[in-house]
Structures are given as structure tokens and as C-alpha cells.
Amino acid sequence: MTRVAVLGALGKVGREVCRAVEESDDLELVARVDAGDSLDALVESGAQAVVDFTHPDVVMDNLRFCVEHGIHAVVGTTGFDDPRLDTLRGWLADAPGVGVLIAPNFSIGAVLMMRFAAQAAPFYESVEIVELHHPDKADAPSGTARRTAQLVAAARAEAGSGPVPDATSTGLEGARGAEVDGVHVHAVRSRGLVAHQEVLLGGLGETLTIRHDSMDRASFTPGVLTGLRAIADHPGLTVGLEEFLGLD
Amino acid sequence: MTRVAVLGALGKVGREVCRAVEESDDLELVARVDAGDSLDALVESGAQAVVDFTHPDVVMDNLRFCVEHGIHAVVGTTGFDDPRLDTLRGWLADAPGVGVLIAPNFSIGAVLMMRFAAQAAPFYESVEIVELHHPDKADAPSGTARRTAQLVAAARAEAGSGPVPDATSTGLEGARGAEVDGVHVHAVRSRGLVAHQEVLLGGLGETLTIRHDSMDRASFTPGVLTGLRAIADHPGLTVGLEEFLGLD
Amino acid sequence: MTRVAVLGALGKVGREVCRAVEESDDLELVARVDAGDSLDALVESGAQAVVDFTHPDVVMDNLRFCVEHGIHAVVGTTGFDDPRLDTLRGWLADAPGVGVLIAPNFSIGAVLMMRFAAQAAPFYESVEIVELHHPDKADAPSGTARRTAQLVAAARAEAGSGPVPDATSTGLEGARGAEVDGVHVHAVRSRGLVAHQEVLLGGLGETLTIRHDSMDRASFTPGVLTGLRAIADHPGLTVGLEEFLGLD
Amino acid sequence: MTRVAVLGALGKVGREVCRAVEESDDLELVARVDAGDSLDALVESGAQAVVDFTHPDVVMDNLRFCVEHGIHAVVGTTGFDDPRLDTLRGWLADAPGVGVLIAPNFSIGAVLMMRFAAQAAPFYESVEIVELHHPDKADAPSGTARRTAQLVAAARAEAGSGPVPDATSTGLEGARGAEVDGVHVHAVRSRGLVAHQEVLLGGLGETLTIRHDSMDRASFTPGVLTGLRAIADHPGLTVGLEEFLGLD
């Protein structure tokens, strides 16, 4: 049994994480910490690993505390730029054995979709992304769609693929979507949708489509649990859940 | 047996029409006419109806000849604006019993998709269109997608539907597609595709999707034959294949 | 304001109905009735219409009470065979002005899907149904899929369509699905799914696909409210929500 | 320039292969061989590699000739069981440097779909396969669908996954499809379709769908060319195109 504490335990996401940890057989929830609570609770509860879904303003303080006290961390909080990652690496250099996983996306399906899309991209002349979300979403395209486009574009560049074919010469502004590193990305918004994405790869006479449908907020929890179970075996800093999936 | 002549018989589309007429049991191909041929061949062959897939520059001359000689016409040539339609109506007023069908789209599937989308639209809070074509297509979005958006918007306006919800406040230019009468339209281009369109309608907790996939140029010929078989029973001017489908 | 009572108010579905009625501006929830409660509450509360999501064992008693007391009824309870419908018609003959709507499916999307599929079916050589649900569902195929197949088969029969083409001569048992009135129906079961159905219609070089995705139990409530708002204008017995949608 | 001969050059598939080889910049078509032609043409033309799309009755003779004469072979002909593969390995043991690729499927998209499905399968509770083909196909399910199911089942077994959940207790015969190694497989047949397959993987609140659409016979040729370009670097026997794609 790994003893787990949750930071941001009262948020929507944090509550789902707490529930999932409690329901699992090999993890024990020993502390729920939220804004205003002292981090000492982590030490007092004997937590071996924390899950952090808090806020960019506080996550670095949380992580310094964890690393200093030898507690592994699985982090879904956003806002990690290169300086922050460098700072984290510095702290971890002084704490051999401690692991920190920073993942922009804990949905295993989204991670697999991105990986498969990037692997397949060099074999196809065309690749295009359609993401579909509920209409209350503020950003378009989604972060996952942007990230997918970047990974696909990088894979194509490495393989020496040329630009995708597109003979569009006349039309309406916006019809061909946004471009991210040369990959066209379309954002559909509709009531009734939750979070969905489709990567379409096309070659001579055939297409390969990889689609991820997330119908429920809970769909990210298996990824968090996968992170918790593997974090002790991955000392140092890991960015992205993919390496924990053992795909190669 | 209805005797049929094809105008534009040597073009890609015309050749498919000729083949389809020849293969049908109740239609007889009596003349193939193309650029440079005299229209007198229509009279000499005893054609009762013509199919016209020619060019905006010559189609009006073709139709005047047909109407004057009492020959029905099924027309897929583009470029009909209101003045042209008015002119046609004038000619037909002097030729009772002659029928002319002008259809922007002879694909029965496309026609059904547009009709169903417009019928369903008032029941849904959201509606959005994704069209997908091969990358050699010059215009984006497709004419069918624009027309679908117009029909959907008109149906919503008549039903008193409000604007579709969309909280997008930040993003990349073009991500939300083009807007046609308030309906977002996205154009995907990929090798391997032919001609496809999806209309997504969304309401509380559910979506209805109507998708048309056209894999082969020949898919428009059943619509042309439907037009030929029914044209004698529809004197005067008809715009759009829909009325010939007997849906109501 | 129409005064509404809900029978089966404590069940999962009944609770959703109560919530939807309370949230609407033109309906007032005046009574919640469940097993063990007296039906007199309907009269005492001045209910003008009831919604019944109860049980085949009690629904006929509920409806006799409503009809006798001049209360309209919108009914989602199952188990109505021809003798039951005849009995209902008899009661309603003595109560002019009272309306009863029996609907096997209150999802507007499902109703539209079935209608569109039946309308399109005569134009296509092939038609096939794939329904997809969560793996805890006991029956396969779903009632909606069976009903869709029956409607499609009836439309084809009326139009004189022949059997769907199928050259399968070798294979594994069950691969071609179940047959309902000559229409092949496939039932997919997977964790992560809720309730989905796709009707695929195919002709020369093209397919038309009509798909309904229900992601949330609440998706049936707009149909119930539509029924409540229109029931006073539909005296007598109506089977199926379709007639209330004003599609023709 | 690699010099290529095509065996079965006059068949439908062989003609496409000849065309693709001729159109490529780095391959030279030096011989077209079909039934009745002498294999000596292979030697006389200086062929370095052959493509064999012939018949199970003659393919072994073809391959013995090639191996004995130091000619690589890329083989799409069917009918290779274990005894045949063992025989081939025996011949190749005496011909170091000669490579033979036997591939049941040369569609890169189909190969990627199978690989991704097998990689993803252990992360999901459910997996199910729907293949869709034109109605003139004799077998159901398709060979690709069977093979996908076997690969998915093997990946799940190796990962210790349990059986897929399925509470179906009542229904129509065949509704749940065919079972291949515990994986449910559904075969849809419709006019207008060519060759399509969808693998649906489902877990808590999410699904991952991998879909391959083959719209044109020519879609297998890129895989054959990939085989021809890499065969000299893969001496001995290789079964399946996957290893030639350099995915790991």
C-alpha cells in the first residue's frame, strides 16, 4: 500500500482523485490538503506520494516542500515553463530517489492518441486535427489539439516529410482552421459534447483516423493512478505520462 | 421508354450520365451533344428530355432551344442567379407542359442530408458543419456546406432559435472555422478523401450527426435518373432535386 | 403555467423529470407521487397533466385514474401491447378532450434518427444498424435498434425495395449480426459508452449515416417537456413522440 | 535503382503494382511475368527483387526459383501455413543475403491500425471490432478483422487483462457479433462501402477509436514499395510488413 496525499483535495478534480485513490486496493489516502492547510500534514500523515491539482501560484512551493521531505509527486497543475522545470531539476538533483511527474494530460486515451498520431504521421501525405468540445470552453483550439499538432509536425519534420497538400485558392476566412506548425486544426463547439478529438491521416486511397472521446471527468483518474503506482521507480523529473505506460 | 439526349456528353460528368442512361431499362440514349455540335440533333433524334452538364456560357442558349422545342431539361450546370431563373420562368410561361429542373446537387444523399439537417436544427441548441474533401479542391468550404449552413440557419430563424452558444474568448485565428449565416463551417482537406460532410447537432446531453460520404463520381447519377423519370410530371421550373423525391 | 404531477417521482428518471419541470418557465411541479402514495394527490394538487415513469404493473391503474379525472398523461413506462392500447382508447372515448401520449422513447434525437432513417431507406440499396451501449446493458440489440429496423423495413416494403444485397457465403457465426425484418443489426458493448446508434444507408458510390449519441440520462427530458406542452392539443391516444414534433 | 520483376503481372493487383513501380523514381520494372511465362525471364531481366501476387498453387515454386537465384521476394499471395514457412526458412538458410517478405496485408494503414490496437488494448477494459465492406464480399468477418482480434487478444492475455465486460443476458441471435479469441467482431455489409475497419477501446468514461478506411485498391501499393525498398536489408524470412516500418 502506497500512502497518498492529495493537494487541491477540495477542487472538482481533487475530489475525483481522492475517490479513485480510496477505491483502489493498493493505494491509501492519508491526507486531503487544500488552500489554507499547512503542508506539514503531508509529513504527519506519512504520505509517500502526493497528487497536486492546485494552482500555478502555489505548485512550486508545494513541490519544493515535497522534494525536501522525500515525497514523490504526480502533478496535473498547469503553468510549467522551462525555467520552472529547470528549478525543479535543480531541487531533484539534491534529492536522489525522489520522483516528480509533470503531466499536461492524464487521460491515457489522449496520450495514446498523440503518440499513435505522431508515429503514423510520417507514413501519410496529409494530417489534420478536429477537436470537439462543449460550448462553454474558452480556448480554441484545445491545448491537447495544439500539443498533438506540434508532435505530429515534429515527427514529420524528422522524417523529412514535406508540407501537407492543400490547393485551396478561394474561400471563406477561417474555413481551413488554425495552423499549428503547418498542421490544420479545427475546433468544433456544441452542446451535448464533452471532450473529443480526431486525428485524420490520409494517403493514396486510404485514411487512418485516431479518435479519443472523453465522456466523463473521471476518465483522467486511471492515468493519475498509473502515475502514483510507477513514480517510485522513476526518480528525477519526468514530463508527460507517456514514459510511464511502458509502450516500447 | 423516355428518349434522352445528353448535352456536354464528352465531359467527365456527361460520360457518366450517358453510361447510366444506357444501363437503365426505362430510358433510351438518343443523342450525345457536345461543344461545336448543332442543337438540331436534339430534334432530329426525337429527344423528349435532355440532361445538361455544360457551361454557364452556353446553358441558357441550350435551355431556350429545348423549351421552344418542347423538350424537358434536367440541368446540373452551375451559374443560375435570380435574373437567369426569371428569364427561364418567362420562357416556360409560353410553353405549358415543359419542365426544367435546375439542381445544384444531384446526389440524393447530399439532398437528404441538407433536408434532415434543416428539419432537425430547430430542436437543437447547437449546429456545426464539417466538410472533408481531397486536397486538390480549390474552394473552402464546399458549395454544399455553404448551402447546408444557409438552410439550417433559415430553419432556425423561422423557428425563433437564438444564436448557437460559443464561449470562445481566446484562441488561434481560424480555429472556429468560417461562419455562414451564424453557422460555423470547417473544411478538412486530406489525401485519400473524396467528398464527405458531417452536420453535428447538439442539445442537452445528446448529439445527432448526419453524415454523407461520396466515394465515387458515379454517386450523382441516381439523382439525374430520378430527375429524368419525374420531369414530365413537373411542368414549369423546379429548383432543387428535393421536390422530386416525394418526401412529404 | 401548466400544473404537472410526476408519477414515479423518486426513481432515477422521475427525479430528472421533476428537476426539468421545476427549471422550466412554463410548467409548475405540483405533486411528486411514488409507490405507496395515493393518487388522490393528483386531484388535490390540481394537476392538469402527469408524467408517468412507473412500472407496467401499475401504469394502467394510474392512467384510468387520470382519464377519469380529466388529467392528461405523458407516459414513458413500458409494456404497452395492443390489448392495453385498446383498453386505453376505450377509456379515452368516454373522456373527450383528455390526451394520453405513450412514447417508447422520449429522446428527440432518437425519434429524429428513426424518422430520417425510414424516410431515406427507400433511396438506398443497403441499410444496416449498429447500436453501441455500456456493457451493463442486459438486452442486445436495444429496443431502439429493433424499432428502427422495423420502421426501416416497413418503409422499404412500402416502396417496393428488394432485400439488401449480401454475398456472405462463409464466416463465423454471428458476424453479420442479428436480423430484424431483414435488416442486420449489430450490438457493440463497451465500457465508456453510454447509448449510441448509427444507421448506415448505402447506394452506388455513397453512404448516408445517421448517428445519435446520448451521453447523459438528462437527454430525454426535452422530449418529455415537449410532450407536456403539446398534450392538451392532442386529445385521445397518441403513440410515439414523433407526431408532437410537427415535422410535416 | 532496384530492378523489379512482377509475378502475376496481369492480375488486377499485379497491374497496380506494375504501375506503381513504373511511377517510382528509385525502382525499375524489368519484367512482367504471368501464368504460362517461364521464370527464366527473372534471371534474363536481371531482376534483383520480385513482387509475387499469384496463387497458392504456384507461389512456392516461384519462391524456390527466386531464392536459388539470389532474388529477393515481396509476397502478397495467400496460403502460407507453418509447414510452408518452415520450408521457406530451410531454403533461405542455404542462401544467406536473400530476403523474403510474406505479408498478409500490404496496407500501411491496416498494419498501423492493428499495431496501435494491440498496444492500446491492455489499457482498456473493453475492446470490440466493427469491419465494414461492400456487399459482394464472401467472408465475414474479414481476414484483417480476425487478425486484429487475435493480436488484441494476445496483447491482453500477456498483460493479464481479464475478459471484456458483457452483461448481455437476453437478445437476438447474432446481435453481439462473432467472437474471435474472446473479442467481439461485427461485419457490416453495404453498397457504397469499400473496405473499412474500426477498433473501439473503452475504459472508465472514455473511448479510443482507431479506424482505417480504404477507398481505393491502390492503397496497398505504398506498402509493397516500402517492402521492395527495404527487402535487401532484411535477409531471411520476415512475416508481416510491420517490421519494415521502423516503428520502435
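Points worth noting:
Order as written gives the chain letters A, B, C and D; numbering starts at 1 within each chain.
Heads up, the rule we're going with is that contacts are C-beta pairs under 8 Å (C-beta built on N, C-alpha and C of every residue); 3 or more make two chains touch, one makes a residue touch a chain.
For clarity, every value in this text was computed on a predicted model and none was experimentally measured.
Over half of the residue numbers at the interface between copies chain B and chain C are found on both sides, making the touching surfaces mostly the same.
By number of C-beta pairs in contact, C-D leads over the other of A-D and C-D. Relative to chain B, the chain whose mean Cα position lies farthest away is A. With centres set at the average Cα position, the gap from chain B to chain D is 40 Å. Chain A and chain D have Cα centroids lying 34 Å from one another.
Chain C and chain D have Cα centroids separated by 45 Å.
Among all residues of chain D, those that touch two or more other chains are 192-193, 201, 203-207, 213, 215, 219.
Every residue of chain C that touches chain D in the complex is listed here, in rising order: 124-128, 130, 132, 135-141, 146, 164-180, 184-193, 200-207. By the touch rule above, chain B contacts chain D in their complex via residues 192-194, 213, 215, 219. Only residues 107-109, 112-113, 116, 119-120, 123, 201, 203-219, 221-222, 245, 247-248 of chain A touch chain D when the two sit together in their complex.
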